[in-house]
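Same chain, two partners: subunit A is paired with subunit B first, then with subunit C.
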Partner chain A sequence: MSERARNIRARALARTLLPALLLAAACSNDPYPPGDAAHKIYYTVFREAHRTLDPAEAYNVSAHKVTGSVYDSLLEYHYLKRPYELGPGLARAVPEPQRLEDGRVRYRFEMRSGIGFGPDPCFELGGAGRRSREATSADVAFQLMRLADPALKVQVTDAFSAVQGFREFRERLILRRELDPAFAELPAHKQYAALGGMEGVRTPSRYELEITLARPYPQILYWFAMEFTTPVAWEAVQFYNGNEGRDRFADHPVGTGPFYVREYNKHLRLVLERNPHWYGLRHPDALGARYPERGAPGDAEGDLLGAAYRGRALPFLDRIEIRLEKESIPRFNKFLQGYYDASSIIKESFDQVIQADRLSPQMRQRGIRLARSVAPSVFYLGINMEDPVLGAPAGERGRKLRQALSLAVSSEPWIELFLNGRGVPAQTPLPPVIFGYNPDYRNPYRQQQDAKRSRARELLIEAGYPGGIDPDTGSPLRLSFDTYTLNSQQLLERQYFVDEWRKIGVDVRLQATTYNEFQAKVERLAYQIFFWGWSADYPDPENFLFLLTCDMRRSTAGGPNTSNFCDQRYEKLFAEMALRGNDAERQRLIGEMVKILEEERPWIELYHVVDYQLSHGWLHNVKPFGMSHPMYKYYDIEPERRAALRLSWNEPLTWPAYALAGLVLAALVPGVRTFLRERQ
Partner chain B sequence: MESHILANLLVLALLFVGAPLAFLLLRRNRMWSEALGELWRRRRFSLLVIALYVAVALLDSFSWVGGAGAGEDSLSAHEARSVIDRAFADTPRESSYSAPLARGSFYGDEPLRAPGGHWFGTDILGRDVLHRTLKGVRVALLIGGFTSAITIPLALLLGVTAGYFGRRLDDIVFFVMSTLASIPSLLLLIALVIVLGRGTWQVCVALGITSWVGLCRVARGETLKLRELDYVQAALALGTSHLRILFRHILPNLMHLVIVTFVLLFSSLVLSETILAYLGIGVDGSWGQMIDQARNELSRDPIIWWNITAAGAAMFGLLLAVNYVGDALRDILDPRTLRERA
Partner chain C sequence: MLAYVARRLGYGVLVVLGVLLLLFVLFFAVAKPEDIARRALGEKARQEAIDIWIASHGYDRPLWPWQQPADNQLFDHYARMLTFDFGRSDTDDTPIARRLAEGVGPTLSLTVPLFLVGLVIALLFGLFVAFFRDTYIDATGVFLCVLGMSVSLLLYIIGGQFLIGKLLRWFPISGFDPAPVVVARFLALPVLVGLLGVVGGDVRFYRTVFVEETGRDYVRTARAKGAGEMRVMLRHVLRNSLIPVMTRVVLAIPFLFVGSLLLESFFGIPGLGTLTVDAIRNNDFATLRVMVFIGALAFIGGQIATDISYAFVDPRVRLE
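This part shows the complex of A and B:
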């Protein structure tokens, strides 16, 4: 072989080997581009592509992560204060109700000036290359009309039906679209304008919005603190119609919030960037534009009222990256490696993370913090009150039977077994964070002692089923527990109750069906006991107690009262309670309502969820909010500290790679030797 | 009639009529009695294991209402409980997990009601795992047995008639077979269970519909060969009816295939049920369901292993024994080896 040829070979070898060696030396598990580490980027996850990010439709926690950051609302919650407090957002003040003749109520919102939509190509090019425009009261009115639009899958129409002319507007829209094909082709805002708008929604001026309710509904204000009532630009709805390669509006949010969507790849990530036209930049004194000075008791001891943050202008983050992460275990591992900033605790690792009801030493050593909070939610076993055996038609017998069923099951062991203790046993539908919750109240039918089992057996005798035997047939009374899942884990969770009931002698059978089959059973009223939960939309007792009103009955109105509970005394108290502000009289009314529920037992209240939120030491100002509102604009990150810790936690372990390479080489030796020998 | 009485009658009929009858029939046939003798010599242990499983299943199928050991609640006195249930009447329920033979609960180490009394531990609801595992035997044998009872007659009927009569009938059967074989069987299975509903019989029927093709194809091919043989042609020439030929000359010569297929089919059916259980559409009380319920327990820390191990080991034992026997049967019944031995 000539000298030159050998040189070329050596060079070729170096060219292939060197990069490989360099790669091995610099190997890292960092999933992000190297430059990003220096920025204040908050990383979080979504589990599957969002079905919709339209603020009128999105109604789950994962979608609210995005819509809550991109869309602002007229009113906002105080970040730290508990019980929750409503304050002005895009509006200058929280409006006072104005009573009109014939029982109508009017609210007049006055909006701030200079509220800008996030930059987006759908807007006409304005001055200085700016593609944005000012949001006005007409944009809020447009969104309110969208809520009535049958073409959108709005899940909260019930709440807005109090607005005068809401249902009529919807019907007119349906009718006109059917009759007039040319009308149906128009863009939505033109259709709404052609119909003359909604009666109860008026915009007297550019910054004024008047909402008229056909009946008093004080809780409507809470809906104005949600994305449902955000200003929406008609340009965005018209432009993003899914035609000619453009996105659908449901995949392309355009709003006035502190962040705007810069990139959305359903299979990878969603990137939110600071909105340069956000109203908070122009109104630095607004409640939602700066970090609060004061919080709830206990906030000062934690990480929530640092001197560096109090009163400072929001937002602190530069960017939010929401990444697709389908599996829970890798997600949690990436959190532990420092690649996600906050996480809930997965069931599999619970005992590793929490020991003796506090963070394990291993976690504390890493500087991880734990925030615990009771979410405004309730989970319960409902009983179909229209059932001939268990429900109201059975009269006193049914009542005693329900009381016995309620006494027989205790929530505490269940919470221990299936929730790792992450729940508060429920006495009433109201969770602790909601007005009307009475910490001293003990429901006599929700006590957790074994001695109560004998009382449950007595009740069973009083109900006329001694030992669980129906005297008419001589065989055990058989009830059905109808589930809407076939998941064996969830069936096991329900089996627990079945076993408890069996202990007092009631034969309850699990009837496992899919969700659709369960819905069909509910339609036919062919169900007896079911497991259900409710998470509050807004922090008001009305949002829990309305679940048991006659108007919300599933059987007659298709509402969320799947128990079909209807009691005239309860109804009267509810009507009075719903219209009152939070005062002593309201507390008394709630007490009476709870008393009725205690006696009637349409629900067997089980627990209120306790959220456990882990966050790393470099992430600041995290307070679990309970309701589905992302509060990212209050968060802050120390990127340098994060980068350093990530490096120290993820030092690559290289010797196995070298060992493997060595083994491969060693395995080649005999082959090479044979080859050389053969050639000779 | 109550369902448990029906089950009891079935068990009795099987034990006192079916078994002796089968025994006598096999004794009369020289080839079969020789084959079985050979099987017993080769696979004594496996046969004993299978017999043990069958015994447990029969004990679990024989049940009556009332009697001693009614347990703690007032209900069980009104329910039919099997011999196996009664054997476990004295093993009380615990509040949650406990390890095999442990004296305290798994979390918190509180004293158990039956310290050291749970051989395989208890599950999350405090139920005895050994009891559940033994109850699973009956379900597994029921799935294997009942499904085979659907599959084999169906496959034989279609395969033999198609092979024997040929022409249009053959075309039709072959078309159906190819169509079924081209649908992924798991998808078809899921679709069928969803249509038929959940339950033991429904799952068996679904499994039966998806698993007859293999045997049918073999039976058809074998019949095609058999019908051309001299003695069949001679019988035809003598004017023997088709029915008689089918029963006297074709079917007996297919029996060895049926037996081997049955044994191999059996184990694949039990395994298929596990997959269905994983999808949430299995049979209540099966090992598949136990494994499915326990799958998250493996990722717990500290690990809870006894649920999945008990169900897995029980299934492994049965399937291994069945496969051993099936393997030996195939060797023994293979015509070539038969000739060598003769």
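This part shows the complex of A and C:
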């Protein structure tokens, strides 16, 4: 064979084989580049593109996954201890309140030195070639002033309204921007400085921050353990303004946390890497810079206090990759394939994962672990206390009617039916993980036995509605249950309550509307019963019990008290309870408040969510935190073990492809041969 | 020909204006400014924030010119689209032009292979079944094509993810990564699933065209002169069937840029199809109108390009 012929044949062979080789290379379900398997990379998901990652605006679990890793706070929670314990973070200590003579309260934070922002080109605004700088108290003060800025979509302004001059600063800002267009064009930090800052926020020195509250609000310290009060660099806010092709600051977080954003495509993935300027590297003895030596009871048995980790410097991970995964089934399947390190349990696979209230043998065989925890949350049926039939205007009749409605619905079957048992029946607004929860307390109007239904009927008689009949009309009492969802599954869940009330003779009609239409009804007070929930911002009973205070009434103050409950006895007890530390007296006050709620029934408490968190055996130090604080800096990965297991779990099955090809050939060849023979 | 193109463009402008008007009417018949604001700000946003958002995005202005001739939303809607000033997304204030630029790559990386591979397979399979017409191969081929056309793409997606992604473990179940070393893995399954959805109809169409063509005199003459079957099918039949093939192909090309709503959305490909689905889900009128506008332009462009391509393929065709 000539050289030329050989070349032609080789080229033809290559041309034939190349697509096959490319396809063979593509034939793997591993979604990650090959080199990544050797690194300590934690893989997790976000379910929809983040609208904002600005620490002043971000207020949901998904966004906090990122902001909580990129932005550090002055205080932080102990990772393992329960009840939750607040300790120092960027600050050297948790400040003590200093009571001033005129009733004001002052907190003085002393920040650590050497706190560095994650590397970012925005710092060139402060000097050519700069990629980072030290964070100071002025950066925290800047962020506190941003919280009052009406140009930002801040959802927690109420919490900071206790800071002296907070509202006034906001109003001055609005006014000056309206009157002076040149002022409105200045960068935010220059505007704030031109206004003289906020009265209650002062920075006596580079590392000192002084916060003065116009009234006592001890819970303010919890807000200093959240990203809302993190140091923010003016350079980042000024540089990332969305102009000239640059990102918005909401899409480009720059903070002092243990990780910084290396790559962000909000419709694809977000990659965090270790921040080389993190304060923990300079202060290895700080509480948040090393793995805890001690934890809650049971942590040692649960692999959370292993000798390999106790006291070791954080973080353990090299990188965190957060990928957009909108659909729950593919997301969960990828977890089972080993491509995500942890996951919640989707409803569709619950029976496959949990059997007889524990992990199924199939899951245990894979080394998957289950962590269960009660989230600091409560879901309830609220009753509009300003309604003439059900509410306070109906007096004793209304109270008896509310009590009957409360007795008629059971939480337990509902939790089994619709949550796969992932809930704790609620007796009061307080979940078990919050101070004030009394495990021995049983709300007489929230018991689940059938016998209680006859008591509900008696209460209806006492309310003047025997057999559920309204004596004024002679027909069953008709009430409305307003629901702000049109989702068929959620409507089915609500229908359960309607059917339960029907059993005692009360005709409750489900009114399904959009969220906006529901809000419009709330504005007009044209609603009676509704389904609602609350997740704690911080682990204090005040964060639950304030939901039923007069100041938070939706009808008068636009607050979250959609029941519009207002009771002067409750109010007095709340004021006293809110200012106390966690002691026996506080427990007693809470007990009294709960008694009032028990009788008045503005809420029919349903359940507290129980989180089921799955994680693979190669992921260590996972303890569900409950509140929206990511704790990735404590996580560790065994990359070699993960790589080996992934390979063994995901070897492609190729024989079906060959079998299919053979079948097609076998079906075609006789026909082709016959046809061609006939043609000839 | 220029006069013809100009006339078609004129009609096209009218169609685009009509589509934009229809979108405006339908969108605001079901969505109120408060709905858009709440989707952007979150359900628990305070009324004050909602009012500020509505005012800052101009949704507090009257909808129609007769309500306020100088400053109304309909006029603004047309002005923006016709000057290609796409503005920012209602959901997160991202410049829409930037989002389009980011999305077109992933979209084309899905739609171009799907289109090319689908075209080659449909043509070859169409020729194949036409060649074996009236045999069991033809009947089975047609049956499979009708079956393929009759099943919902959604079923192929879910079935494909389960069978190929989960059980056979050939490709990732979903996701996307533009890195050259792994991108083929992510595209293989959506392309395969997409082929199942589109190839059936194409094969049936091309088969009909080829069967009609193989009955013509010149084919008999070619065979009589001793031309081989491969030569007859590929050289003569295929070439003379190009006009209907071209109609289908050229019309489809502009839509490659619009993306596939279902495939992108279910496989997590961050292209223009996903952008459209997200815009619908989030009541993002600013983005939705841009996508509808681009879709309308693609349709008009496809129609005109098809007409022009006739003239190139068949010298007998004159555009007047």
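The definition used in the following text is that the second predicted complex is superposed on the first by the 634 of 680 C-alpha atoms of A that agree within 3 Å, B and C clash if a C-alpha of one lies under 4 Å from a C-alpha of the other, contacts with A are read in each partner's own complex, and residues count from 1 in each chain.
Methods note: a contact is a pair of C-beta atoms (placed from the backbone, for glycine too) under 8 Å apart; a residue touches a chain by one contact, two chains touch by 3 or more.
Keep in mind that what you see is a predicted model, and the values were worked out from it rather than measured.
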item	value
Which of subunit B and subunit C A:Ala313 touches, first, second, both or neither	neither
First, second, both or neither for A:Phe675, with subunit B first and subunit C second	second
Which of subunit B and subunit C A:Ala300 touches, first, second, both or neither	neither
Partner chain(s) touched by A:Leu125 [first = subunit B, second = subunit C, both, neither]	neither
Partner chain in contact with A:Tyr32 - subunit B first, subunit C second, else both or neither	second
Chain touching more of subunit A, residue-wise (subunit B, subunit C)	C
First (subunit B), second (subunit C), both or neither touched by A:Ile174	neither
Touching partner for A:Gln155 - first (subunit B), second (subunit C), both, neither	second
Touching partner for A:Lys334 - first (subunit B), second (subunit C), both, neither	second
Subunit B versus subunit C as contact partner of A:Arg502, first or second or both or neither	first
Subunit A residues contacted in one complex by subunit B, in the other by subunit C	329
Interface residues, subunit B side, partner subunit A - complex	72-75, 78-79, 93, 95-96, 124-125, 198, 277, 279-281, 289, 292-293, 296, 299-302
Subunit B partner contacts - residues on subunit A that touch it in the complex	329, 347-349, 351-352, 413, 417, 467-469, 475-476, 485-489, 492, 495-496, 499, 502-507, 512
Sites on subunit A touched by subunit C in the complex	22-23, 25-34, 48-52, 59-60, 150, 153, 155, 242, 245, 248, 250-251, 265-269, 323-327, 329-330, 333-334, 337, 339, 514-516, 519, 558, 650-653, 656-657, 667-668, 671-672, 675, 679
Residue ranges of subunit C touching subunit A (in the complex, touch as defined)	32, 34-35, 38, 40-47, 49, 52-53, 91-95, 98, 102-103, 132, 135-137, 140, 158, 161, 165-177, 179, 181-182, 184-186, 188, 229, 265-266, 268, 270, 274-275, 278
